[in-house]
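Which chain is which? They are A, B, C, D and E, in the order written, and residues in each are numbered from 1.
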């Protein structure tokens, strides 16, 4: 996500520069044609306000849905942070420490597995290789993971098995084990929500038509305003076109929050936050917070 | 659901092609009549902007409600995926394995019943025969199922009975059994939500009037624009009509997310996802992911 | 609720026919007066677009709030269906069957009380007599119920007492009893939500003003369009008026979802669904599904 | 809350009568001035449609936010009703009655404390004295309450202590006590939500500007319409002004749902409902339902 | 937050005074130029209503999103107040007091840690030093806190460890400990939600473009209205500009609810509320409520 206060004008400019430039050229052509052959077009007046109303409907649908997707994606990662902290706290506070001699590092194993989990989930969502992140797991788990299709879900099961082992050893009673399992349900729900957003793109009608009609509108616009604006047409037409194209672009930037681009939810930074908080919960040294690169936090 | 980035122009075109073609013919007729008999119509100017405002109100209601239905349907299936994974994990981690000699395959039975459940639910929602999917159940259960009216709900009860059997055998204590029951409550809530969307169509006013008024608007539109546009009327009028008809169509595509058409929530693919994840949770071989057919994931 | 795909045009027509007919007559009168005494009105031009903007604001508020009420009412009944199924499943799976000799029909009693409960709740919401439905309860309960003001809530307490009896007899341990009590909390919450919608009508401003201003608008409209439309005024004016009146009507149809009219949430059908599913859960014969009468499911 | 179907026209009229009358006078003055000195103003045409768009934006924000506050306030009281019924049911069904000899009236004490609680909460929210309501508590509790700043919260703690006493006496096991505590969490959450709405008014920008700009608009409006409407200006201008002022007024009526005025959430009636239901749950005689006074339910 | 009913006109004025003054000067310049060189501009008419539609879209997105952020921030603090009261109540009612001789002040320690927690969280969100607030903790905890990166989360873990100590000493059974842990999950979720709002600013497109296009609109506006308004242009143009700029400003005021400015959520006052309620729950003297300073509650 972009963390600087100003939008990255350069970036946004690149995205809409080409259509805007073509639009401007088109406006100039229409204007010159009009000024040259005025009489033949004099009486034409297009229903642009009706067209504008319909276009605003389309863009409004798409931008609202896109923003809701983006904010839900961020909220689901927030729930993942919360649940990660909770499972670490529960591992530390619910395991009976005085009897822990038989398996002293169980809480630590749970915490490390959770750190590996969020990183594997992040790389899976971004379509990146997960092996480096899975290497944080104990060797046996990491090997078994290789054969799994949904690797994050397999790690959640492994954490549940660690809790079952603790219960078997008498370090957790059933009730505390079930409390940890309930936190795993929260984690599974957050993961499932992310996969839902990732696997279910905005309906193709919402993706295609706002942009299509906005561009169509820009093609028609100069004919509508040239009788009133005359030589100023390219300026006025390009300005209105810019606003509609930019509104469409805002929707496009936000609609795929796990698309591995600069408008992404900052998953790497959030995984690092989880790593820091969880390591400190078990009293181990933690890495640094992640910093933005060129104003973008990944 | 359509997974290609571009909308299926061919498909959408077929859906609105007929009304659009009739509309265009009508525009041509009106325009020719106007150019032929101009004087008699010269002073008529219709309140199209008022009509457009009212029409935008109608379409806005219908499209927003339809999108909310579609996204809720998808979210409910997401909850079903999450709860399915959780019940499989709980079957594996909460059952006492060291005493399991008396009934070693209980966790496996629960997992298979859950896989059968989601597939029976899917076929029920789509109005397809459920027998092939019910055959995944143990024979006794499958036979009993034949007499049930709400087959999916009957399977949920069966899963609860499997957990009760485990509790009776001492493989689960009450607390763990209740945790599994709580997951069954989540499953029952997701199923109930899907049945709500399936059995309660959008109010008929929302289904009928946006389309009706949009078509009426298209009939009137050429009279309104022909004094200004002259011979360009068919073009301008058809363009505005296209936008309103397309907006109405978007609402219609999304309003029935379990209607067994190409805009459906991809239930077959999600059932397969559940099957894969659950089989891998109990260490059994899993089938392949489902692939889109002609760009549509069912 | 109306289940046919087409709205009941006859019904809707009856509802707005009278205002529409009066409106049309009025339009004709205004038009004739204008054509007869043109000169005196020639320069008048009303701010109808401003009026239309304000009216759209009003109607938008009312329709959105009404639809939200209707859908929440339906969702609350959906939750009631889910919770009813869950309590039946819990009665069957959590009660210890092997020790049940002392009171073998407790699960059955809970299920029958729940069926009576939803039917008493339905008749209470519709302001109908509840005695016939209460007769499904054991005689002692039904008699005691007669003196209660909130009969549905009294039955929920009775179900809780049945669970307490089971716990007292050793058929349920405390934990399972509390799980059933938690389901009763869900049931009480759904009931409370329905009473909230029933007892708290949409604010009177939302009920009165959209309709009032829409009618006022229809009175003024012909003056505004007659200078442009001339003899076509009644047609154009009535059309726009029809759209605004119909939009108001949609809001009115949906705002009282428990009003015992054809736009009602289909409570009788949902109570029957509950009856079928619960009886089948305890293995008893179930009645038929309820069918629509003249296209309306009650 | 007003329970009559028609809005209290008299009341609403009083609220906007003064501004409307001033507005009408102003319209007359402007119209007379225009008719007298036409030539000097002839060419002025104000951008009222732009102004109207911006004004609709402002009013839309304020009315939507106000309605959401009002409905949330009502929903929170609904949750309080539900939780009150649940805690009474739990007191009756979870306490072991066969061992209750040592403290037979514990369930009754919890129920009476809950009735006192909702009434103290109501009077606190309305800024009324709470002593009369606190007198329903046992003397010792009522005396201790006098020194508390947040009296309702102190009663919730007292109810928790009653449950702890029951657990100490062996009437509740820990699990049932925790179930009651969980209901207290629901009660505390509902109370906190009400305090949030009470203590956090709508941002002052939402309170001030819609009204300010609507009035400003009314001042400017006659200048805009007088060239077209002539002598009809006061009528047309006052009508549009009335709609915008009324829309603003709807927002103002709903924005403070605990303000002790006629648009209030009907807290007295709901507290009475709770009292009736809870007394009947423990088999004691209940008072009558509260009736509207002059069409207003308090 | 500003608690006076009127907005702080002086403050708001300062914020938009400079752009408004520049805008007014610009309007005057354009008007004078027009009146001086009329002929050359006579035929220019800008598409301001299209521009206004697009601008209203942008502002609507930004203001709605900003208000939702502000209200969610307030609601999350409300949840924190509720959970703080609940954890204090649970510490008092769930700990076995009759066996408390070994560690009599455990409930008190939990309450003091919770008070320290909310204050450390508040200072962290505002970017202020946390040492003074951390000093409320026992010395050992406060020292350990110094090395933590996420100090609030570390205190939540410490509270969990206090509960674990109580369980180890036999003052809490596992079930009551898990109930307290569940309250800690609520607290962690509220904290995580606040960090989400704090760390994820509104997308930069929502921050930048509404303001940018509103100013651009103000620059263009006088050209559009001067042919109609003549010498009144600065007045009319500035008025419309004022409304759009003010609408943008409302969004900017609300979008960062933890920004330590006068539109902030009143965190200091809410922390004081928590301190008062929690100290009174354990029967200790409480400080005064916080009062507004110059009409602002911090």
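Rule of thumb we're sticking to: a residue touches a chain if its C-beta (ideal position, glycine included) is under 8 Å from a C-beta of that chain, and two chains touch if they have at least 3 such contacts.
Please read all numbers here as calculations on a predicted model, not as lab measurements.
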Examine where the copies chain C and chain D touch and state whether the two sides share over half of their residue numbers (same) or under half (different).
different
Angle of rotation relating chain A to chain E [CA atoms, steps of 5 degrees]
70
Between chain A and chain D, tell me the centre distance in angstrom, where each centre is the average of that chain's C-alpha atoms.
38
Chain centres from averaged Cα atoms put chain D and chain E apart, in whole Å, by 23
Two-or-more-chain contact residues of chain E, please, as numbers and ranges.
49, 53, 175
So with touch defined the way it is at the top, what topology do the chains form here? Options are line, ring, star, complete, other.
ring
If contacts are counted as defined earlier, which sequence of chains do you get going round the ring from chain B via chain C?
B, C, D, E, A
Which residues of chain A touch chain E in their complex?
1-8, 12, 48-49, 52-53, 56, 59-60, 63-64, 67, 70, 74-75, 78-79, 81-82, 85-86, 88-90, 92-94, 96, 98, 173, 175-176, 179, 183, 221, 224-225, 228-230, 232, 236-237, 239-240, 243-244, 246-247, 249-250, 253-254, 263, 273, 276-277, 280-281, 286, 289
Which residues of chain A touch chain B in their complex?
43-47, 49-51, 53-55, 57-58, 61, 65, 147-150, 153-154, 156-157, 160-161, 163-164, 168, 174-175, 177-178, 181-182, 184-185, 188-189, 191-193, 195-196, 200-201, 203-209, 213, 216, 220
